[in-house]
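Take a look at these structures.
Each of the next two complexes has chain A plus one other chain: chain B in the first, chain C in the second.
What follows is the complex of A and B.
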């Protein structure tokens, strides 16, 4: 944030700005509120029946999966970050960005590539007569999810390692600790907030993921809510959503805790780069580990999708139909991105220039959509459209609303960071030169935040194209997008039909890679 | 036998043509405080890090208590050298309390560690602070915690990197005295690095003035201050006025005039060095000058004098109660001066 609160005393934002912000905040919150209200209205009987039957089972499967994947992603992320940043691993500069690549592969696309090889009707089955093991069980599912989520930990821990004050390490050595003990007693504790923050992102992702777990046929809350909605049992879906929201809130609370702690660890800047440790006889095991990770979660999924995509294209999948899906995906996502950019402007401006309780609350609410599973957002959107805007029910408007609810935070984050770089002194300079406040916004603020806001828009665009659960639930009849086609074709085993769409989504996802990586 | 001995130590960093430290030799006796003083980039911090073992050397050897700790073939790891170090930013572990920070490196049993902690807290005057966290302490308190942590294992050598640079003027003055007293009471051999003349002069028993990786002068603060042997030392430490001088028949010829040569003639060319407090503005003075600027600094006034025939200005400190005005003509005399031989 640009300036201390005391600077703002005596200043008031335009009432219109407050009003607009409140409306956006409320609009962001109402769908979720509706899910909660509907769950509360479902009656004790429904609650008891679900609590007796589905809920314990779902809680167990969801939480065990979340915790297992979080733990594994945490360990892999920390080990890889350490190897790449602080050891003499051969080719570490190359590995440092290749290891982050799985982040841009949508986990459901990753899951498809594994199904294509190890699935019940996959390649291995064709070659060997049996698929070696049952892919649709806990272990393989956890493996696949870990592979596409560990970059959260890896990137955040890498950034922390680069920022870390090397004096702590040297102080520990002066206190008589050897390299190993220094790692355990000084470096690891200093990394704890970063590890915590990364792990919670992983946990939140696993809680909200629908595509990958559904493809792997693993029952979690999101999948259960999806199928409940599919059978038009909206109260049941609302009750399950209510519980999932509660679990998500616990993790969000943990996240804000870990953020608080993070502050203490970012002490003074240190320009000396950390000591590089010699791996010695551990060089080969380390290389094997890095290669294994890159092969399993970059080379294999990209290779499989590219190969099947090529087969599909050779078979003539790129027909008029395909381009219609493409147009649907691109046009709806672009619309969502533009609206997100426009909505984010007043929010980030108010938050930066007139920080108040209102702007803080709106900010927090807008970010809530980020952590909420797509299925719950979809449920909320359905409730609100049926009740208040029934004439738009079943149109693409619902889809766009869901995208905005889910991805506005991404646009805001990008805009926020651009906004925080603009000194309030610039505003004051423009005002002192006789500009009216609205002129300041148009002539100074907007041109300066534009790159950040556009980057945010690009992120929203890509995320919307990849989005699966809300798209499946809310799309108007007959409106298929790339993501929807992937889901339908892959569920029926027509991989060569699914692969070209997946390939296109992968290509689009890689576009904002630079920006995604620099964020951590 | 000296506790630390550095013998022709040379250190080159990759990619830089000039060595950071060149043929550096010094001995530090038991209980002595040695200050490495020099402008930034002179190699003083590298020297300190070489003693600690954070850097490896390219030539020469370092001995602690007579044993080689660094040479071309020997490298004793940091933790086995018996050193304690106080870092410039203190590097207190933010996740540990004051007490945990201080006993961080101790390996004895719980009871022993507790006793040692009390001793150390008493030593640095921080009794009762053991459960606070570093960020809850003031700068001076943080520094004392860092000192206690460095002393916890009874190190043979205590190293301090710019120990006073993070403190404000008032506190700096207090801490110099306090740190010197604590260090002296433990009898630990100490090497500290600083770029501040006052730090070095007031704390050190011996000083090394460094410039561009080599030793310019070694001695006690008093010796060096009163007998700078190079133009660099005179300019950096004494901040004296330097005028080019030529020796002819035991007379120094300078732009200011002729001066009798003090001592023996070591070289034909050199510098006349006049301390700032050795120029006295008085009516019966021998030289004429015009006041170029007056900067009142409380106890004294810094006066810049323009003298005909001199390219630069002379700077002197006056405690005179008579106010001076810019462009006023004054007379001054030179109370004492030195001749520094060589370029």
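What follows is the complex of A and C.
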């Protein structure tokens, strides 16, 4: 970590800081570069064969799923946010946080709970003799994915609704528009940036999800890349990754567009809280809808996992082995979290105090690993270790690297927002009192950004514990984690053995919920 | 107050960091020391774990297991310049011979290997089969009689069976090896035609064989193409166990018999322990554990099969030595892909 030794008041930071930042930026970019190089080296013939066979169907299945889930999550998210924030829905304070809960349930855990009940050999099959419908088809898969991703839209739109200035609404009402028309013509357009931002998070998630689609046996690019890596075919995996990176970039471009729009949506000074609409005869349908969402995506998954977890615990799953898996998960994730916090400090400091082209580029690059699926990051990490750091190959270092690549942006986001609240005047004041620049950093900056950075670290910790595909691909022998155990046990149908691990992951995930909620 | 909380959190995190670093070093150093064995496995963990525990208890050698799937083969190839594992458990001799041809395995001259028929091991002893996995048709006795059942694999391509049976996806390891063997007998064109016909005909194409045995047992399909021990496993179910088996092509080419086995990885960190482990596995009592947990048929002639299983010499099997699958393994996948039978299921 480079600390600036030069004078703070000049607009140049220490070379060390620039150097450190550049190194971090380069390190963040190498894995992605690898995938692109590998794809380019694969030869036209390999490309053509994949383009002829797998790619068209994967494109179709991936894009239809992504768009369907995004659309459904958008609708559900907006409707629920509206009901909870702007209507007289009974118990809306309670619903407002319960409806955000699916966000902390990893979709692969959610998928397991659905498979336990509706799967081909699930509970329904045992009770009724047949499972009523085929869970492993498009519709049910889209339903499950929607259920565990709609909170992105719900939370962002809720926040926008809370910030929204009611003046426009009132103007519309004064001009004679009824409640429905006001919603369509005034509120919805004003919410568009928020809906867009939330939807793109959903879309990016669906593009990168491995666990849920693999368990629901639905082929998307991410799942195909994982399985391609398993069939002696690294070039094929690289080619598919290349295409997926391209698709992701399109969505990221859309996201930056939506952010631009977000900018000229600002609250005015004469701010008043929004009007609460009476639901009237819509009260009951609304309640049913909210209950249905909570039941399907909170009560059912938590209940199933808790019940199976309890059966597993009664069977004695919590043995020495289990605690070893737990220890593996916790120690590796904690290490990744601590490193992310340390790495994020120079990045956010440079970005906030000495904004330059370099800091901007590094900032953007750091997000690459975050937006890209874990399988691609894993592919890149394997390559880099084999080629350049073979002595650390096959150790937990690979896993930690992948976590850092994927989740450093979470630490940066949290740190950024803390940093932006600290006025540069404070730095200058400390300097004018005769403090050395490094003293300023240690005595002034770090104590002030610490809560934000720690919160970021906690997020990284939880994300790392939940991470599945990269962990599966990179874990060394004898170092299984909780997420890995869930995958192994569930794929062999031993749900009672998978559930205690899932339960523990759920408990850990709920910890930072309050912080996540306050962020939106 | 808030400050104190943050400080405590920071201290806890730092402590975790220290412990984790220590832990990491330990992990790094471990494989270099004596007294360890690193095992990659493509076999179900519950079939492998008891053997590893027994070995650990008997020798005191610490065993580290990485349970994977067909991906393990790829991982071993990736690591050829810097091998991490000593032992590879495979469900398929084709994959092991493929690894040998790629130069990823080490020869083994242990005399213990000789209890296994030469047909089921590598020429240089680098891999050895432990249990047989014969490709059979299992059927639901409530839905179809033995007489009505097809007796040759060719017959299931007949449209009269449309929708009435289940097969696995084309990329399933057992399926790939089977196709490679069929090519050797039938040639490319006939095999491809057969594959596309059965892909068209099958009522379901599943990821693995467990789904097939359960579906056939439950009466969702009349029969399915499985490895014989899935039939044995279904017999041991509490319900849906009224199933029968046809060992196909007894008047012709014979049944394709693959083997699950163990391979010695070249340059692994604990070569001596690895050889010790393979000798250990070839003891009759361990062979029994290996084969019985999964209800496969042991290849060791002195080890009885489970009572429901046909012995390996009780039916006609294909002439082709298993090692001949290795060179055609990758091609077989291509053939399957071209035939229209999906490698991965949707």
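A few notes on this one:
Quick note on the criterion: the second predicted complex is superposed on the first by the 506 of 520 C-alpha atoms of A that agree within 3 Å, B and C clash if a C-alpha of one lies under 4 Å from a C-alpha of the other, contacts with A are read in each partner's own complex, and residues count from 1 in each chain.
The definition used in the following text is that a residue touches a chain if its C-beta (ideal position, glycine included) is under 8 Å from a C-beta of that chain, and two chains touch if they have at least 3 such contacts.
This structure is a prediction, so every number in the text was calculated from the model and none was measured.
Superimposing the complexes on chain A yields a three-chain arrangement in which chain B and chain C fit side by side.
In the superposed model, A:397 makes contact with chain C only, not with chain B. Greater residue coverage of chain A by touch, when chain B is weighed against chain C, goes to C. In the superposition on chain A, A:479 makes contact with chain C only, while chain B stays out of contact range.
Of the two partner chains placed by superposition, only chain C is touched by A:493; chain B is not. Rounded to the nearest 10, the superposed model shows the Cα centres of chain B and chain C diverging by 170 degrees about the centre of chain A.
Judged by the touch definition given at the top, the superposed model places A:443 against neither chain B nor chain C. In the superposition on chain A, no contact is made by A:41 with either chain B or chain C.
In the superposition on chain A, no contact is made by A:291 with either chain B or chain C.
Closest CA pair between chain B and chain C after superposition: 34 Å apart. On chain A, the surface touched by chain B in one complex and the surface touched by chain C in the other have no residue in common.
Chain contact summary for the complex, chain B toward chain A: residues 52-54, 77-80, 83-85, 87-89, 91-95, 104-105, 107, 135, 149-150, 152-153, 159.
By the touch criterion given at the top, residues 53, 61, 120-121, 217-219, 223-224, 227, 229-234, 330-332, 334-335, 337-338, 341, 382, 386, 390, 392-397, 450-451, 454, 457, 473, 475-480, 488, 492-493 of chain A touch chain C in their complex.
Residues of chain A that touch chain B in their complex: 165, 167-168, 170-178, 185-186, 189-190, 192, 264-265, 267-268.
By the touch rule above, chain C contacts chain A in their complex via residues 2, 6, 9-10, 13-14, 16-17, 19-21, 23-24, 27-28, 31, 38-40, 44-46, 63-71, 73-74, 77-79, 81-82, 84-85, 98, 171, 207, 210-211, 214-215, 330, 333, 337, 343-346.
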